[in-house]
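In what follows, chain A forms one complex with chain B and a second complex with chain C.
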Partner chain A sequence: MSQTTQILPRVIPSPRRWKLPTPRLSVLRGAIVPVLLLGIWQFVSARGIVANLILPSPWQVVQALHVLVTSGLLLSSIEISLQRLFLGYGIGIGIGLPLGVLMAVSPLARKLIAPSFYAVARVPLLAWVPFLMVIFGIGEALKLAIIAKAALTPVTMNTERAIAAIPRGWVELGRLYRLSWFTALRRILLPATLPPIFVGLRLGLVQAWAALVVVELLAASRGLGFELAMSRQLFQLDTMVALMLVIGVIGFILDRGVARIEFILIRRFGGVA
Partner chain B sequence: MSRARTRPGTRLATFALAMALPFAVASAWQAAASFNLIDPTQWASPVLVGHALSQQLSDPQFWSDFSASLLRDAQGTGVGILLGLPAGLALGRSALVRGLFVPVLDATKAIPIFTWVPLLSVWVGSGEEGKVTFIALAAALPVVFSTLEGVFSIQPRYLELARLLCLGRLVTLRRVVLPGAMPGILRGVHLALLYGWLATIGAEYLFEAGGGIGSNIMGARELYRLDLVVVDMIAIGLVGVLLDLAAGNTERFLLRWQERALS
Partner chain C sequence: MLTRRRLTASLAAASLLAAPGLGRAGAVPRRLRIGVAMAGLGGRPYSFAGAVAVMHVQGLLEKEFASGGTSVEWHFFAGAGPAVNEALANNALDFAWQGDMAEIVGRSRGLATKQLFVAGNRFPVAVAVAKDSSIASLADLRGKTVANFQGTTLQLAVDRILATAGLREQDMQMVNLDQVTASEAVAQHQIDASFIEFGLTPQTEKLLKIIYRSGPGEPELSPQTSFITTEAFALAYPDTVDRVVRVAVGAAHWASLGQNRPALYAIYGKTGYPPVFIKSMFDQQDPLVFSSPLWDAFAASQLARSAADSYKFGLIRTQVNTAQWLDRGPLDRALASLGLQHYWPQFGADGLTRVS
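Moving on to the complex of A and B:
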């Protein structure tokens, strides 16, 4: 016994991850806990164990959601928030992609920009908020700047890495075959770089969404985050929970949407996953 | 590429290039302020930031705010790690626990962390408890998921061997699961330290003000003291960098045995 246990600690985890117990969740089993939670929640609020003001019942949340939808507030808030998100995200990508390409392609640009870029990236986004507030005020520009900054960092870093990691052999092969500029892009550059660049784009979108919520909680007069902060002030917890659900679902859809685009593009251009 | 080939001259050039951009920005800023192209009272200037730095460093308020934040961060992150680790191990070891809780956790992960602030401020309170709870939540999630991944990364043959040797659950945990999952666990702790600090700053913005570097920087913003804001920003960034470095080095130090075992 003692001998075997002495041998055992020398466990060497494999460098590549094992694909073993990808949890084959049956939908049924996955539903047990949510249903149970919902049941307890309904029971507790129906029996008045916790005041309705503190814990609204599931039914109240549904009703609050209904009110939000029929009053048009939900749709207009979503519209405003998504507009901000995509504008800011677009700016972030518009700066981040070229910046990443530039740093990967030109050693001089890399040496010039990379240290400053990483120093800026190291300061948490939230610490930039007051700084940007002084510079931009608390209007629309502030929100766009913060969302763009949230997307910029992962997009730039992953783009730079993606291009730097193109296998040399591929590029040489392309030169050997005297591929045209366009064919080289289509057959070599895109397949080699699409998957890692999309990692950055996906991460950037998720972080941009989180940044949007923060900045709307902090300083906004419209949008989902603002309505969330408002429901806190008015002590309407049913509305609050309904809004949290909406924010979660939209974040989920955004993430899956980018994953879907990634899948289609990789299938179209081929890629090394 | 290799370090042996870089001559001191090139290293100096690299350093000069790295400093060129910050230097250019700082001097442009200073020049604009000196020649009154921008209003120095609103836009500050590098010289003013320098003054603010010495002012802050000798200001007891700054230090009490700073230490309040660090203490809050340590409490929340500590609780988060202590709760996240067993949860992650249980998820990794038991298919039943996974089947039950992974959907709930995935749903939780989809909600951006700051969305919880209003709800927590009602349920737990807008003061210190709410903040610490929020920080703990932010720190616990990465620990749970990284620990889970760490347990999955254990090669099945080691677990089979443990079963073959009829090792008890505790011995298996101590001798196989914990060492095998250690890279994942440490990665989770690393992330928890970074997220915890981020959540600390965010909590101080969004919950009721109660002392802290986050309240300090927001106070400076309200007074339009960009110089003080920049100093606080640097302090916040520095803590993040130090946490990152400390966690990274601890990780490498604790995982030395792996490289030995592999070579």
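Moving on to the complex of A and C:
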């Protein structure tokens, strides 16, 4: 047994060594566009090219952000929104992962489910909203359903593809070596499927976050999306822009978070990207 | 303050470019752009805007300005006051009919406008719940999911009405829905209650019951709507502002005549709201009081109260002084030229004591 596990890594391409670029340089490069945009923004608002009431200056947005933070509104809104996100995302993964696996391993299940699934996936999320509203009302269930739906599609599709794309040779090799169930999972399944599945998980999270904001804009009484809509209704566009920035930053952090988990897992189990 | 001054300056500069004859008598604009903070059912371009609705449907401004080559553009905003404010900030409107709350929000943010005349106040606000609901009073709303059209003039009335029962928005789950959607949501049991001014369609009316309605004895709770112009426009075309207000006062007079009621309801009917509904809403109003364009003590105090309340309820972040906002000149001149100075009754600040 120990022999096989020693041999296998040589046959299967060794886990790709992930090299992150030196952080300082990447941060600098990543900052070029934001700084440029900030400059254009400052220029446009200072010159009054767009009315100040419509496009507040960066400094006004900073002040609005300060008010949001000190009033405690920002933190409580983020809390509510993240709770919704993780619950809805959890439901989406909970359905999406098994569904993807099922469609990949069972030809019958694939024939039965895939046409309906892809038909459903092709309907844009926004087109689902009125229908889901009729079914779930405008309460919390609607929000969770929409977030789950947003996460479900990329998770299922990528999971299915990941498993379907495991090289036949690897599986046969595993059979040949009579690998135990666990070793096959550890040595073949995980390295082969982790990266593509994580692509789905990351896409799912980003889309779930976007869907959350949309659904909170619709009918909510708390949360970041609600505050965004409210600030527009009350003509506080500086607050609106501040909230947009917060939403963007959180989306970025979430994406990086999943990427980080992916990085750790791939280092642990190996993987072929 | 800086923003307001800067905006005024840029608007004034823009109008300077557009109008070489700035402020000179006789300068005529190429077009009048009028925004109405309401749209009918399904977005129909009609409203309940009193004299403003009469001017629109009867084409009175188009007739007034036809000879001078000035065109009249009407814009109806289903997004109500907040959408009108954005259009004003984009310098896309010269005049607007709006509720006091949205006007105050705009002014607190630096929109440079002038108040010309009142176009509807004392309108009752009701709370609708499903027929089988256990909610029987305002106090029962605590902890419930309640709809309100946030940022519009209704929100302010709602906050005032809640305060009469010792409640605040935070005591319930407030969802932001327009009035028609809100009453449908109540009928479908998706939310518990909705505040409505108009927005009860006959389909939903059967499924709902009204548990509260602000009465004629408490006019200070009700929203007030008025007609405003931008400072830049008033500066560039004072004569045009006078002419618009004169036409509007004529329309208000027409709307105040009892015999014109059926015709007025037909104008309101273009919004898509059924005649029965319109009749039930407006029959309770005294046309002389409801159609009065006057800034009497009640209307002026109501605007000031709305500004103070908006600040108190946290809807604006900087206080608004309403005294310098009213531009009574065009209205006074219109009343004098039409001989209508004493036509409409005037009320004291409380809205109940008739002073003339």
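Here is the rule we go by: the second predicted complex is superposed on the first by the 220 of 273 C-alpha atoms of A that agree within 3 Å, B and C clash if a C-alpha of one lies under 4 Å from a C-alpha of the other, contacts with A are read in each partner's own complex, and residues count from 1 in each chain.
Throughout what follows, a residue touches a chain if its C-beta (ideal position, glycine included) is under 8 Å from a C-beta of that chain, and two chains touch if they have at least 3 such contacts.
For clarity, every value in this text was computed on a predicted model and none was experimentally measured.
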First, second, both or neither for A:137, with chain B first and chain C second: second
Contacts of A:54 with chain B and chain C, given as first, second, both or neither: both
First (chain B), second (chain C), both or neither touched by A:70: neither
Residue contacts with chain A in the superposition, chain B compared against chain C: B
First (chain B), second (chain C), both or neither touched by A:126: first
First (chain B), second (chain C), both or neither touched by A:232: both
Which superposed partner A:112 touches (first chain B, second chain C, both, neither): first
Intersection of chain A interface sets (partners chain B, chain C): 54, 229, 232, 235
Interface residues, chain C side, partner chain A - complex: 3, 6-7, 10, 82, 85-86, 89-91, 102, 105-106, 109-111, 145, 150-152, 173-177, 185, 188-191, 315-317
Residues of chain A defined as touching chain B within the complex: 4-5, 8-14, 17-18, 20-21, 23, 25-26, 29-34, 37, 54, 108, 111-116, 119, 122-131, 133-135, 209-210, 213-214, 217-218, 228-229, 231-232, 235, 237, 240-241, 244, 247-249, 251-252, 255
Complex interface listing, chain B residues touching chain A: 14, 17-22, 42, 95, 98-104, 107, 110-119, 121-123, 149, 152-156, 158, 161-162, 165, 167, 171, 175-176, 179-180, 183, 197-198, 201-202, 205-206, 214, 217-218, 220-221, 224, 226, 229-230, 232-234, 236-237, 240-241, 244, 258, 261-262
Footprint of chain C on chain A - complex, ascending: 48, 51-54, 60, 67, 137-139, 219-222, 226, 229-230, 232-236
